[in-house]
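Both of the next two complexes hold chain A, though its partner changes from chain B to chain C.
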Partner chain A sequence: MTAIENPVAPLPSKEKNAPIRKPPIRLLLLPAGTLIGLLLVCALVVLRMSVGERNAEWTGWSLRAYMQLASSRNLGIIIDTIWMALLSALITTLVAFPIALFLTRTTSPIARRLVLIAILLPMIISLLVQSFGWMAILGPNGLLNQAISAATGIERPFSLLFNRAGVMLGLVQTSIPLAVLPAAAALRSIPLSLEEAANVLGANRIRTYRHIILPLAWPGMAAGAILVFGFNTGAFVVPLLLGGLKVTTIAVVIRDQMGSLSNWPLGAALSVLLILLALAVQSLNRLIVRTNVEIKG
Partner chain B sequence: MSMPTATGRFGIEWQLVNGITCMLLALMLAPICMVLVISFTSGETLQFPPPALSLRWYQEVWTMLVGPDAGIGRLRESLLVSLEIAALTSLVCVLAGVPASYALVRYRFAGKTLIEELIGLPVIFPAVVLGIALLVLVSASGLDFGIFQIVVAHSIIGLPFLMRNCMAAMRGIDPMLEEAAMTLGASAPKVFREIVLPLASGGIASGAILVFILSFNEFTLSYFLYSVDVFPLSIWLFQQANTSFSPAVFAVSSLIVVVNVAAVLVVDAVIGSRGSAA
Partner chain C sequence: MEQNPVLEIRNLSRTFAHGAVRAVDHIDLDVLPGEIMSILGPSGCGKTTIMRIIAGLDSPTSGEVRILGKDVAGKPPHKRNVGLVFQSLAIFPHMSVKQNVAFGLRMKGLASNLIETKVAKALELVQLSPERFAGRRPSELSGGQLQRVALARTLVTEPALVLFDEPMAALDRRLRDYMAVELRAIQKQLGIAAVYVTHDQETASMMSDRVIIMSAGKILQAGTPEEIYEAPNSRFVSDFLGDTNTLRIARVLDQADGTSLVQTDAGLAIRVANCSDIAEGAFVIFRPEQTIVHSADPGGAFEGRVVSSQFRSGLHRWQIALPGGNTLIAQSTENRLASSAGETAWVTIDSGKARIVSQ
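On to the complex of A and B.
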């Protein structure tokens, strides 16, 4: 009987009832922690330089850079950047809504997957490549101007490139997936039966949208809008490539101040501002997601 | 009102949603399509529509890549540098991200939420600030890191993308499997190697490909950290855009688009086959 009681001989384990040993947590987190640590060091570097003095960024202490932020030129650029980010967030959210509706309602998995890939491509593919395409469409001799002059006979080329309209187009185009995915997730969580009930009770489609779909989808749409806003406050490539030298954002000014103008403290102070904006946007996003979960839960 | 329209999946409303979606997607993909079409032009300029179709600019690119004068235009050099950076970045992200993902999925410890927040930080951190700060650090150190200053920068922003995929895959592994293996006497490294890694390999692979594309296309960080010797493809394209603008640049761009689309399809297939697509 003793042999049957113990059919499998215990393996030569030193501590029989000891908890299963796993590798130490610190060792597992060390490599990733080093990378993230470097990011934090970068944040500290700009923080230190922002309170440094010009040409003595590591030794001097001064708050002049932050006072320069309030100069009318810098304030204008800050407000302008935030305004463009806001406007792009609004447009992107509006544009994303029908696409999100399509994604949630289509019954064809192939169409769904194709649309998903189609909205992801503009975000993934190098903006340089896409800006070449925009130049061919929007430039002075581009497709759009050809079409306009053919239709109206007006020969004076009007350009959508190297101005705010071109930048806005680029900002919206590259951030659409950020708005579509949360909106689609929110729309998917609305049970069909609610829409059917509204219909049975005599609501037309417009009332259904106003009183059922939009109120239930708005946390997802807001989350997407906030994401787009956060993403576009740091916009650098789009204004650099599609804005020519006419449209400046905070990120472009940081480049100029740290580079050719060599006012490092001012560039660093603007960097601190961008980091704070990003963190604020992230917290706002968390807040909306959490409230939404609490309501649903 | 008839029943089928009650949920907006049929009728005029559905056609409207369909139509608007198609229009928006066409607009979004217009620049990419434009690049593809113009790259096949037979002419010398970027005119649209092209006078005739030809492969002459692809032949041109081929000579730029492997011809006797390949060293002059720097296209081959920058392509190879970009591939090297992307491969190294994927490697660094896998080596750093896989153990950390395992720790976050399987361990309970104090400060876990904080670490999860920190891992997500690179996604929202302004790339310009990261690029500038790294540049300041590199020049303050006085050392020449060569290719590695871009690899490290790309690894920082790639890490969250790899870990997101990897953690999703690891969450799908039944902890009982690991416990069973350990009870049967397998050491912790062996369990990791023979149970966790094979079962998470799809997530790790799709994450690694994603990081590879991200790095290959990345512009902002490369813009601040490139040097005369380390000259990635995105910087090459940027310089072309500012100087000569021949259809050859469009042909190079088209090849990049094809590589990107292929990579996206592979990721999609890997994630899709695991039944966890978005």
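On to the complex of A and C.
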């Protein structure tokens, strides 16, 4: 049965030839499985609360929270969040492509290492620290404004903090590794000879990229874009700090509703929405991976 | 009649690591219309570098490459009108067979109905039926079929010169021989000029009009496969083309009428025809099939002891240790020695075929 369910499982060995019984391989999943199981319970709790009454989340039943989602204010925030995640995914993917290309093409191991470290820094440094860093740079008296006003004499020429531009900058910067790594992996798997073959067959550089490199790297780039999108739909710290209260995302509203306003059902309904978004994105990812498999095998 | 060469290479050099490595060292060569010229040499001899320079994928440090009489210096690969069949074949994995073959024509901007006809023709030429194969994905093809697709993709653009970078290295012997014969037939049929780069001397011999033997960036010898096999000008060339018996000459015993009697290090006296001056430290070389083994002393033969014997593809072969430390390889289509290892045998050398080389 297991062999049918799992085509990659090794063939079951004959009992008499295998005197040492190995523990079932499923046990490897136990620690993570426990955590994921708990997470699932949390998700179910959230789901239950989202259809509960305010102040009677466990006993009452109501769809009020979901109707509140459709209020113009909440709808605006939802659309805004999705739009920013989408835009940041697009920009990040575009920014990531040349970096990924550099990583795969450079012949200097030192350069590759340094760039890789720089790329990975956002994953190592806390989002909070990064956001405060941006605040110091983008703020009204931040480094950027000081430098530019020193150069041009204009007082406070830029306003990049507490608006969408600042949030977008933060979202793109913090999610660059998510886009670079899959794109670099995809590019690395393209042999140089394919490019040379296209070149010898009459394709110039641009056409080689259009017909050979991009179609082959696309699944990796799309996987990166989807990761960034998923990551940024749930963005909390970056919009909170760089957007002030001017730019609000779903995650910020959830915090407000569940925290200061004690409106658990609405917070839960928004959470359910976020989970559904994540699942939708995940299935999109699978769809792309599948087409990728079709190309390769 | 003098034909204008399709490819002329003059004094070509390519150094790497700021001149420390001379991959290609002052090479001259011509390829005439309708001929296949093989560049044969061990890996790292510079043959692939030459080919990449011809294709425009690498630039020479100095020297000139002319294709159809025109200097191609600074011309990118896509403007050179050469075809290249890669060692890895470099079939585009995301395209069907048809799309792969059509790629070069699309880049040229041909009308789609013309592309359609040409692709079908090219597939037929390499014996892939367009009906069955045009729509297939590369992942659905065997190694030999991929080879054919790569060939069709290159030939369909009608390049002035086709370069082959050991495209058959990954195939097994039988398929490789088969493909070599077929490739040769297609090349003759189309009358295209080609450069075939390989380290496999058998394939090179099978399909080339001329062969160039390279080592360490230099051409050691050029000629038809037969000429080079029969009359190698160095130990390296001889060894590279097949098993060779190599004996160091200690001194010349006698010289008359262009025939020399030389004595080897181990004290063997060997008569060699067609040689005049013999330099200090020269070698006498002869091939295993240029010896005859005897189970009884025929007179004037070297006596030795059979070390081992093998039978392979219709050929019998013996390693025979001679007194003084030399071991000869002898070969025959007949089983001339029924003896096994340890027994005594006699060897004579066909003095008309033995050669003297200085290095």
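The working rule: the second predicted complex is superposed on the first by the 263 of 297 C-alpha atoms of A that agree within 3 Å, B and C clash if a C-alpha of one lies under 4 Å from a C-alpha of the other, contacts with A are read in each partner's own complex, and residues count from 1 in each chain.
As a convention for this text, contacts are C-beta pairs under 8 Å (C-beta built on N, C-alpha and C of every residue); 3 or more make two chains touch, one makes a residue touch a chain.
Computed from a predicted structure; not experimentally measured.
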Q: Using the touch criterion from the header, give the chain among chain B and chain C with more contacted residues in chain A.
A: B
Q) Which holds for A:Pro191: it touches chain B only (first), chain C only (second), both, or neither? A) second
Q. Between chain B (first) and chain C (second), which does A:His211 come into contact with in this model arrangement: first, second, both, or neither?
A. second
Q: Please work out whether A:Ala43 is in contact with chain B alone, chain C alone, both, or neither, and reply first, second, both or neither.
A: first
Q) Touching A:Leu201 in the superposition: chain B (first), chain C (second), both, neither? A) second
Q: Return first, second, both or neither, reflecting whether A:Trp83 touches chain B, chain C, both chains, or no partner chain.
A: neither
Q | chain B and chain C contact sites that coincide on chain A, given as residue numbers | A | 196, 199-200, 204
(Q) Can you tell me which positions in chain B touch chain A when the two form their complex? (A) 1, 3, 5-9, 13-14, 17-18, 20-21, 24-25, 27-35, 38, 46-48, 92, 95-97, 99-100, 102-103, 106-107, 109, 115, 118-119, 121-122, 124-130, 132-134, 136-137, 152, 155-156, 159, 163, 179, 182-185, 188-189, 192, 213-214, 217, 219-220, 234, 237-238, 241, 249-250, 253, 256-257, 260-261, 264-265, 268, 272, 277-278
(Q) If we count contacts the way the header does, which residues on chain C are in touch with chain A in the complex? (A) 55-57, 76-78, 80, 82-84, 86-88, 90, 92-94, 103-104, 107-108, 139, 153-154, 157
**Q.** chain A residues within the chain C interface of the complex
**A.** 191, 193-194, 196-204, 207, 211-212, 215-216, 295-297
(Q) Please output the residues of chain A touching chain B within their complex, sorted ascending. (A) 11-13, 20-23, 25, 27-29, 31-36, 38-43, 45-46, 49, 95, 98-99, 101-102, 105, 107, 113, 115-122, 124-137, 141-143, 146, 173, 176, 181, 192, 195-196, 199-200, 204-205, 208, 230, 233-234, 236-237, 241, 251, 254-255, 258, 267, 271, 274-275, 278-279, 281-282
